[in-house]
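So that you can tell them apart, the chains are marked A, B, C, D, E and F in the order they are listed, and the count of residues begins at 1 in each.
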Amino acid sequence: MDRIDGRAFDQLRPVKITRYYTKYGEGSVLMETGDTKVLCTASLQEGVPPFVKGTGQGWITAEYSMLPRSTQVRKAREASRGKIQGRTHEIQRLIGRAFRSIVELDKLGGEYTIWIDCDVLQADGGTRTASITGSFIALVDALNYMKREGIVEEIPLINMIAAVSVGIVDGQPMLDLCFEEDSRAQVDMNLVMTGSNKIVEIQGTAEGFPFSMDEMYRMMRLGEKGIAQLIEAQKKALGKDLIGGLPKDGEKNNSGQQEQE
Amino acid sequence: MDRIDGRAFDQLRPVKITRYYTKYGEGSVLMETGDTKVLCTASLQEGVPPFVKGTGQGWITAEYSMLPRSTQVRKAREASRGKIQGRTHEIQRLIGRAFRSIVELDKLGGEYTIWIDCDVLQADGGTRTASITGSFIALVDALNYMKREGIVEEIPLINMIAAVSVGIVDGQPMLDLCFEEDSRAQVDMNLVMTGSNKIVEIQGTAEGFPFSMDEMYRMMRLGEKGIAQLIEAQKKALGKDLIGGLPKDGEKNNSGQQEQE
Amino acid sequence: MDRIDGRAFDQLRPVKITRYYTKYGEGSVLMETGDTKVLCTASLQEGVPPFVKGTGQGWITAEYSMLPRSTQVRKAREASRGKIQGRTHEIQRLIGRAFRSIVELDKLGGEYTIWIDCDVLQADGGTRTASITGSFIALVDALNYMKREGIVEEIPLINMIAAVSVGIVDGQPMLDLCFEEDSRAQVDMNLVMTGSNKIVEIQGTAEGFPFSMDEMYRMMRLGEKGIAQLIEAQKKALGKDLIGGLPKDGEKNNSGQQEQE
Amino acid sequence: MDRIDGRAFDQLRPVKITRYYTKYGEGSVLMETGDTKVLCTASLQEGVPPFVKGTGQGWITAEYSMLPRSTQVRKAREASRGKIQGRTHEIQRLIGRAFRSIVELDKLGGEYTIWIDCDVLQADGGTRTASITGSFIALVDALNYMKREGIVEEIPLINMIAAVSVGIVDGQPMLDLCFEEDSRAQVDMNLVMTGSNKIVEIQGTAEGFPFSMDEMYRMMRLGEKGIAQLIEAQKKALGKDLIGGLPKDGEKNNSGQQEQE
Amino acid sequence: MDRIDGRAFDQLRPVKITRYYTKYGEGSVLMETGDTKVLCTASLQEGVPPFVKGTGQGWITAEYSMLPRSTQVRKAREASRGKIQGRTHEIQRLIGRAFRSIVELDKLGGEYTIWIDCDVLQADGGTRTASITGSFIALVDALNYMKREGIVEEIPLINMIAAVSVGIVDGQPMLDLCFEEDSRAQVDMNLVMTGSNKIVEIQGTAEGFPFSMDEMYRMMRLGEKGIAQLIEAQKKALGKDLIGGLPKDGEKNNSGQQEQE
Amino acid sequence: MDRIDGRAFDQLRPVKITRYYTKYGEGSVLMETGDTKVLCTASLQEGVPPFVKGTGQGWITAEYSMLPRSTQVRKAREASRGKIQGRTHEIQRLIGRAFRSIVELDKLGGEYTIWIDCDVLQADGGTRTASITGSFIALVDALNYMKREGIVEEIPLINMIAAVSVGIVDGQPMLDLCFEEDSRAQVDMNLVMTGSNKIVEIQGTAEGFPFSMDEMYRMMRLGEKGIAQLIEAQKKALGKDLIGGLPKDGEKNNSGQQEQE
């Protein structure tokens, strides 16, 4: 059995990372994996949400949205519907948690918020994982900006981070599903991992076929392999700008630093 | 190191399942695990959501809510805020998916919707997993009602289902976290599994400390053990009413039966 | 003519008051009148609404909600609809006014708000009156908590309060209507009265048959009688904890203390 | 003790009823009582709300709104706030119920809705009661329109209806409170009565001072007297157009015709 | 070809300006042009919107609304729909900009907001232009009030302002379209001009027939003529109260004073 | 005096039109004018809005949105705010009207809607006019798709359309303002014109300095010139695909074809 686009089961789609895609954001990256295209920007703003106010710490939050015709069939805008859908909420929370897990929020130079905006221009599967992988670059650019501006002395980045999807299609575990594979998948799993091969988030869903522990292990091995390649692509894109982001000896201390909303 | 309430690391809190807790629902169960109390009801309604209409199939959907003072600090009602929070959306979607994975929607007797309502009366950790474990009983009661009423000839249940939380607290993997443990956890994982030991959903989040594959396996073993005990508690509560819910030879065919919203 | 459940026309349904029903609220009471079950909690919070801020006084506010399957036919959640219905608004305002009429808000120990939450677990008529009768107990428990914590020196309670419904069904005035009676009633009246037999609120509606002054007097006499019994039940439930709540010589001075919203 | 404006305690403010105030409504009345001015229109529309659909009956519904500067201090528009306040909901429901109690909805010529719109141009106390008294005239004009157009053969009006406020100010029961009296009142009561002296709605609220049965009777006698005068003013304004509205022998049969929302 | 109501193509409908129409507003004007009736009030409030706060300047903002039965067919209230329509937004912004262009906001006596409320009682075409022409009078009354109260020493009004509609109906340019003309118009244009014949706003829309420069010039000449007559009507209505509002030598300096929302 | 970017006063910024920018839309164009970048897509959908239903005609509607970091300072998403701002409403309505004025809606092959989505990736002034100029290309591509699919026999396009901004900055009329010029402009005008030099929309606003007829004429001449160049750029981009869009002898008949919302 072959994949739709001729890839091997453990093969990623081509990855393309374009930095400085728009001119205003402190970080702005066009992330492409196959035909999936996400514009990831990082914006620095003074102030933090109410539940952080007064702690002297910073915050990172994420928003995710699909352009109405990023999909095969036009999707109504959430602004027009007047409310954000559950799926969007779920993805925004996932992205925000991921980045808060690798940044020392108490070393962000005070009560600053970094907004990660992920806007999907074209959706062909894996938009949430592409959002994380691409936004990491935008985040590093924003942190470098903060260092240049003297807001932070050192880049408070503990580790690199990337994400990939895996799944089981027609009984076969596969890496990095495109939309057509995803819509036929029996299991759909998203993995977020650090540059030192540790898990930040795992979310696996049986779409009809509950799966065994063994199948899960096989998917996770595929995911690990994909993440390693994405981390390499990130390193290449950042070049000498990757000052922080390399694993540090001691890891982050999560002293009460948890998402409130 | 001991647990707050003196439990062993692999020990569940006491489980109590009260059927027929309120009088109107086709199924109505008070699910208690330790001090966590969730009222789970299953309500049968004619009609299905727009994206299912015309298929002749049924649907299962879930809603979850916490009473304002189910928590240590009073929480504003979502009705008063005028919108549903991301966390609630996430949980509702999780519960709905879980039950759709074990019911043959095309054998629900036509275009009927079963509403699973999970209302948390008291929250002491693990409310989403208690919601799933308890609602399974309410669902079986509702399906039995459908059989008695002649809506279905046979209970279209493929398997039993239960859920449990696991986590790492102070470096130690633990089963079934209470609120105080949960708020100090470095990793928080929710597992939904069937009566035949297969995974329906896995969601793991590093709250500050990314975790290794090895730690993940240890947590999953704890989870498996907890699920097996919960399935036993469910069997005991249902007694002879567990007509369906035992694993069937062939599993469900997910022919396009996916969540649209 | 007999009543559905065999009661006399001037007879209340059985009343059951369970204190400390949930563990977090400063007051938490399960109020049952026949098959109507309302969970009433009282929660103390620092701060007051904007229109009270700066006065040094406290505030009492109420929220009311029906669980979706507390009724014969499942009712959509107001959180899901995205707005609160008129009926809910009406009831919340009624409950809030009732308690503000018997508490000296300027002696609440400063700018504190007591939230009265009335969540209907099972609705069989008279949920708004059961909410008031039950929440009185929760309120007293919260006020006693405030005294124990040293927030107030004395319980600032002027009087006890209870509520009951009366109506005319098939031409016959009746006390404490159950759902089936209520849905056939020609007149529906709710009475809120103090422990010293005075009226706090009266709301009467002709559902099709306008009624005479004479009929009104007959209904009010029935109501008075029911209230007196409910006050007795409250006294019994509170026992020695009823420090305040007994009528005081001078009554409350409503110096500008009116609801703004 | 005298009243602010020199009236006797049992004296109404001057009443002025201007028919045909705007040109489009099937009924359009400017109702003035003292400085309170309400524009009341009745609009006929095909169709009924979902819960009446298919019954062949008609419906009457009401909306109430204050212009932002109808009050001493400008009030934010509910459209700008994005939601309707509890007080508005309460008033709209009151007005709607009042008119449904005096019209035979099954003789409205089919599934038509009459919208009663009450827009307060200037508020000096008693806007909800002026809305009812004035809208009765607009309703009669709309019903006469329906007869002229052949939609109904006979005006399906059972009785006349009017409303007035009473209250206790400084211990003194008074009729028809103006804003300044209302804001000092210890008790505030609204009475809706028919042309044959029967009660449709009574709503009494103790603003700080619970009141006795005896005080209630005194207020109701004042109210009765005021209503009788308002009914006279309505008769004069309608002249020969008051075809229906006079009490009929048999009264309305409330066969399940109850408000659903 | 004649106009529906016999007017010449360059003739305005009768204009009637009633000052002090309601008693609370600092300015309150009933503006009538033909059968179009708009209640225009000006309300003074302390405080300014967030984007002006701290500048020491004042602000003018406008709200516009149609009563539900101001139109031939009843229109649902925006408060009931829960959102403001695009057309309303457009008109509110137009009115606000117009008045901010003729008032020196830095001489409003500090951080005060003047709310211009335009509520359409009866709509027969040209409601937005009547709103502007009428509200100018209400604004002058409010500014005179501010002077009497000592909030400003001098009326900070640079010029008078009025507005009119023009259009092309059946190929013929016409001044001041009534509703029936407007609904048949090929071009619809609104002009806002000052007392010294300068343009503040021009908005022209081809409803199906794009128009030439030449046609545009002809419409503008008609508009100029109408504005001049409206300015005369305003002068007559204000009489000796028109202290400011006459053109000043130097014009307003728009130092960053732009609308933010 | 020179312009910021060295352009002549009557010179457009460089225009770049990229067709087929995303893969799903029936039309998809990246429109660039200087640093302003708008992604314009045209999506065909079955069905029309309620007010067109049953007429057999088609409809064109537009939505406009700015990505949060398309601007210098990050702007909150309208989906997160829960409502669409007035400015957005205004622009969406403008774009929709423009395209409905050049398409024969009764020849769209039945009740189809074409959605024009304009998403601003980078905003440097003139986003609404770039949206119109770019979306024209996307519209033609969608119409050609409809012809290929046999939905229409002939492209029902009456004319080409483009839009440009003009303004007065420091007393000098200028064509095609960039953001920095726009924020200093005394007058801001947007012109929408057809391929045969006729006006579809004109919207001019004095930001502080009312302007004379003469200044208006000068701005319009500049605008005419810019539009002509944009029409040329469109012709070049479309090449042989411009089957319709050339002016037709007879123009469109606006038989009741007006925007309802």
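FYI, a contact is a pair of C-beta atoms (placed from the backbone, for glycine too) under 8 Å apart; a residue touches a chain by one contact, two chains touch by 3 or more.
Bear in mind that the values here come from a model prediction, so they are computed numbers and not experimental data.
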Chain separated most widely from subunit C, comparing mean CA positions: F
Approximate Å spacing (C-alpha centroids) for the pair subunit B, subunit C: 34
Subunit D and subunit F, separation of their C-alpha mean positions in angstrom: 51
For subunit C, residues that touch 2 or more chains besides their own: 82-84
Chain contact topology (line, ring, star, complete or other): ring
Subunit F-touching residues of subunit E, taken from the complex the two chains share: 83-87, 89-90, 92-93, 97, 101, 159, 183, 186, 193-194, 196-213, 216, 220, 224, 251-254, 257-258, 261
In the complex, subunit A residues that touch subunit F: 22-25, 28, 35, 37, 39, 41, 43, 45, 63, 65, 67-72, 74, 77-80, 82-84, 115, 117, 119, 121-122
